[in-house]
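Below are structures written as structure tokens.
Both complexes below contain chain A, partnered by chain B and then by chain C.
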Partner chain A sequence: MGRLSLRFAALGYLTLILIGPLVMMVWRTAEDVDGAWTAISDPDTLSAFKLTLMVTAIAVVVNTVFGIVCALVIVRGDIRGRGFLNAFVDLPLSLSPVIVGFSLLTLYGLDGWLGWFQRNGYEILFATPSIVLATIFVTLPFVVREVVPTLREVGTEQEQAAETLGASGWQTFWRITLPCIRWAVIYGVVLTAARGIGEFGAVAVVSGNFAGETQTATLRVEDAYQFAYGNYAPAYGISFVLAATAVIILVAMILLQPKESRH
Partner chain B sequence: MGFVTTFLLIIVVLPIAAIASRATDLGWSGFWQVVSSPEAVSALKLTLLMSTLAVLTTAVFGTIIAWVLVRDSFAGKSVVNAIIDLPFALPTIVAGLVIMALYGPQTPIDFTVNGHHFDANVTFTRGAIYVALLFVTLPFVVRSVQPVLMELDTELEEAARSLGASEFATFRRVVLPSILPGILSGVAMAFARAVGEIGAIVLIAGNLPFKTEVASIYLFHRISQDPEGSAAVAVVLLLISFAVLLGIGALRWHVTRHERG
Partner chain C sequence: MSISIRRITKRFDDFVALDDVSVEVARGSLTALLGPSGSGKSTLLRIVAGLETADEGTVFIDEKNVTGRPPQERGVGFVFQHYAAFKHMTVYDNVAFGLKIRKRPKAEIAERVAQLLKLVQLEGLAKRYPSQLSGGQRQRMGLARALAIDPTVLLLDEPFGALDARVRAELREWLRRLHDETHTTTVIVTHDQEEAMEVADNVAVMSNGRIEQVGAPREVYEEPANEFVMTFVGQAHRVGDGFVRPHDLEVTLEPNGSTREVMIDRVVHLGFNVRVDLVDRDGARLSVQTTRDRAELLELVAGQIIYVRPTRHTTFT
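Moving on to the complex of A and B:
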């Protein structure tokens, strides 16, 4: 096979599977801009975007803290089972989001092991806490995955030097370790945010999907599609906003990548 | 360490254990009755079949795309390289709508040749599941093969060619063995992803039982009415995920046995 036929195969495939559908999606949104805008500026849609952003922000903060600590344990910890931990952290990537949502439903349901909360009026399911828990679950691996290899590469020489010079554990972490891994952390945060904003299956199971209350942006898209009655402008409009967000995230990833490899 | 264990216990282990425990409520015969019911078996079979077909396609074209991105040069290559990650960044429900824009009703690919009508509208067919899975699994193989190809020394290939090996023989004997672990790890992640996919499929497949209902959507429809039965099917899906990851891990271990000595 020649170089040209391979190039043709690669670009042809990408056109059919990726580029063509994307162009058509933009085209369909542009066909009814007014309809799309009405759907985007609907109070329930705005509330869905707000909820998605808030949930994603919480998941990012929680998983950044967890991710850094977990990566430190995997790379530096002197305990047995580090290899197991390293493999275990990847588990959410290979689980169906529906199972993730269902597992929370089972655990926090009225007759679940942690059903106490739901029974006593501390609503977790069909409320924001379950959406947050589901999003934390599915985005768990990203910061860990990015920080572990960087931490391995950096080594411990600088940290040891700092400790020899009398720095406390915290000082060493803030002044030496964190600056060394910051690009990996940021890259992990970007991936966490992208996945958090886009999560559908797990959130669909636990949120209750009440418009204006527990409906996230992706659930809003599904709703707009299911109740379209032939008018798909709202679904395409809200999707377009999410797709534009994804493109911005992608550009951020590309801008961060060269800095990462400079280490 | 205590923090990490406690966090994982509360966020991941307890919920999964709760499902497993709920599934045991049925007892062995009850469990078997649910997972061997015709609709559940049909959904599980369809999921495995479509995931296998999609991942095989992704493996072939992903490898070609990775090769073209590393070895070829043409105008706009960096843009093409950048958009490969888009299926990772795009919400899956939006991915479903993106697929629908080209392969849904009113598809622009619609023509008649010699009285034979052809159009690319795949809505409510298994073709819809296939296309949606091709979209979401695209980056996995490309991104796991690309770095390996970059590291690969072209001298070996030149040596093979100068000794009279054909292009195909060079690829099969020299390039493929080096990139195979990369392909397999991409395939493993893509397969796990495909088996669990719901967002990209749910709008376009129609979710007709026995026809276009995949396991995750079967589960999704059943959770509120039949928690015990759903837990049983969820356990089967969990076991499939574990088995695939273990299987491919073992295969990768086998492939890299020479490097490890």
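Moving on to the complex of A and C:
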């Protein structure tokens, strides 16, 4: 009996908090499919999706490469302060995205330390570069967090074996280290992508939110909602696409999980 | 000499792992580095392989000074205690790894791998992954992988330490036969004196980062250089001012001039042999090894008072 009621509590909680709002949104989308479709196929919406995908793709590539490098330094490096580095990597998780955006504004603003770019016509703020920077910032921890424990678990023996067999450092990395951590990397990439697509706060501060230019998908949802004037179909439609993407990512993640290695 | 280790010293912070160690390993020999854990034997082996660097001293392999050279350039085959199997590769790819790195033609690799798998009795398992193998099979794969590169020397770091007693005994025997076929200069690190005695032509006994004695198994056992070797290689009890091995004590039921009175604590039947655990008057423990027939003849039972006399006694100055 106790176990049954526990299960009931858990399912009820998840339904109320997670499933409920999403189902409601899907419901509303279905009520006005034409209106939703019009909003989704609007050139500015398509441009927003494109921008989101591009920005996310860049963030994924950058944070995968540097994430693996950081994880290697944290686990294997014999430098001082790697504990500090390890803690520092989590900063984006604890820092509000709005503050991230605001700090970028300050740094790259006309009188910021890196204001040189903005002053000389290399637009960072209110342009794609700042959106990319903000997204990279908020998605930085995921690959590192996934790879660090796996690297620890794998140890260095396989790499040492490869070295005695003649493999160079680079060959060892590609043939041994990377295959050993591949599931952690893939998992980290998936989380990075999901977080990147969904990023709102930091991007809202730095992007300028120009429809068709610097408006990402989440910003477009916010716009559609703010300026709905009673017609919420566009907001529902775009939200639906984003939510569907998230669900697809989630399913992909479950399918990718190797059976033995995850809890 | 195939391996020449000269005056190696290695420290980890304040701990001296190796203290001015020199060892020579003859070409084609099978040498055991024998010692308790923490004696520095694994560190020494890893320094020979280039997986660890010495603070002082030099290492020669095949008359070439390899000190400071990375493991890739040393041409050593290394076998790890916990196998270090490439988990994401099949048995075939594990064994082929060194050859692929050397960019050998595919046909040559296939032929060599097949030959090695036969040698280590893993034919038919080429497509398995390490997780589908038993511990003994994994270690044989590790050996084939190390042998694939035709190493000048083969280094084994407690290779059978993670296996159960029976598989360990089998592999030990098999390793000896393999060595007699291939004649690859081999160094095996072990803390198991029985393993060292059974497998090696030459044993270097280590403790606390120093070499205590180097010699043939029989030499190390029969003529130990010091107290440590006497007690570590085989059992020995302190009797009076020297040491005696359990099979060098004679048991009698009656006292005579030179015997000691002891009480039987326990009689342990080990098949052909019987070990009799004893306590003397001062509470000191020792044991006697004797044959089953003799134990039965004397009708030895726990609680009985008997008399022992060393037939061979070793003292160190």
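Heads up, the rule we're going with is that the second predicted complex is superposed on the first by the 258 of 263 C-alpha atoms of A that agree within 3 Å, B and C clash if a C-alpha of one lies under 4 Å from a C-alpha of the other, contacts with A are read in each partner's own complex, and residues count from 1 in each chain.
The definition used in the following text is that a residue touches a chain if its C-beta (ideal position, glycine included) is under 8 Å from a C-beta of that chain, and two chains touch if they have at least 3 such contacts.
As the structure is a computational prediction, the values presented were derived from the model and not from experiment.
Tell me the contact category for A:158 with respect to chain B and chain C: first, second, both or neither.
After superposition on chain A, A:158 lies in contact with chain C alone.
Of the two partner chains, chain B (first) and chain C (second), which one does A:17 touch, if any: first, second, both, or neither?
first
In the superposed model, which partner reaches more residues of chain A, chain B or chain C?
Larger number of chain A residues touched: B.
Using the superposition on chain A described above, determine whether A:3 touches chain B (first), chain C (second), both, or neither.
Touch status of A:3: first partner only.
Considering only the contact definition stated at the top, list the common interface residues of chain A for chain B and chain C.
Shared contact residues on chain A (touching chain B in one complex, chain C in the other): none at all.
Over in the complex, which chain A residues touch chain C? Could you list them?
Going by the criterion above, the answer is residues 157-158, 160-168, 171, 175-176, 179-180, 182.
Once bound in the complex, which stretches of chain A touch chain B?
Spelled out, the residues of chain A in touch with chain B are 1, 3, 6-7, 9-11, 13-14, 17-22, 24-25, 27-28, 66, 69-70, 73, 77, 79, 85, 88-89, 91-100, 102-107, 109, 112-114, 133, 136-137, 140, 191, 194, 197-201, 204-205, 217-218, 221-222, 225, 235-236, 239, 242-243, 246-247, 249-250, 253-254.
Show which residues of chain B lie in contact with chain A when the two form their complex.
That would be residues 1, 3-4, 7-8, 11-12, 14-16, 18-19, 21-22, 61, 64-65, 67-69, 71-72, 74, 80, 82-94, 97-99, 101-103, 108, 131, 134-135, 138, 167-168, 189, 192-193, 195-199, 202-203, 215-217, 219-220, 223, 227, 230-231, 234, 237-238, 241, 244-245 of chain B.
Quick one: which bits of chain C touch chain A in the complex? Just the residue numbers, please.
49-51, 70-72, 74, 76-78, 80, 82, 84-88, 97-98, 101-102, 142, 145-146, 148-149
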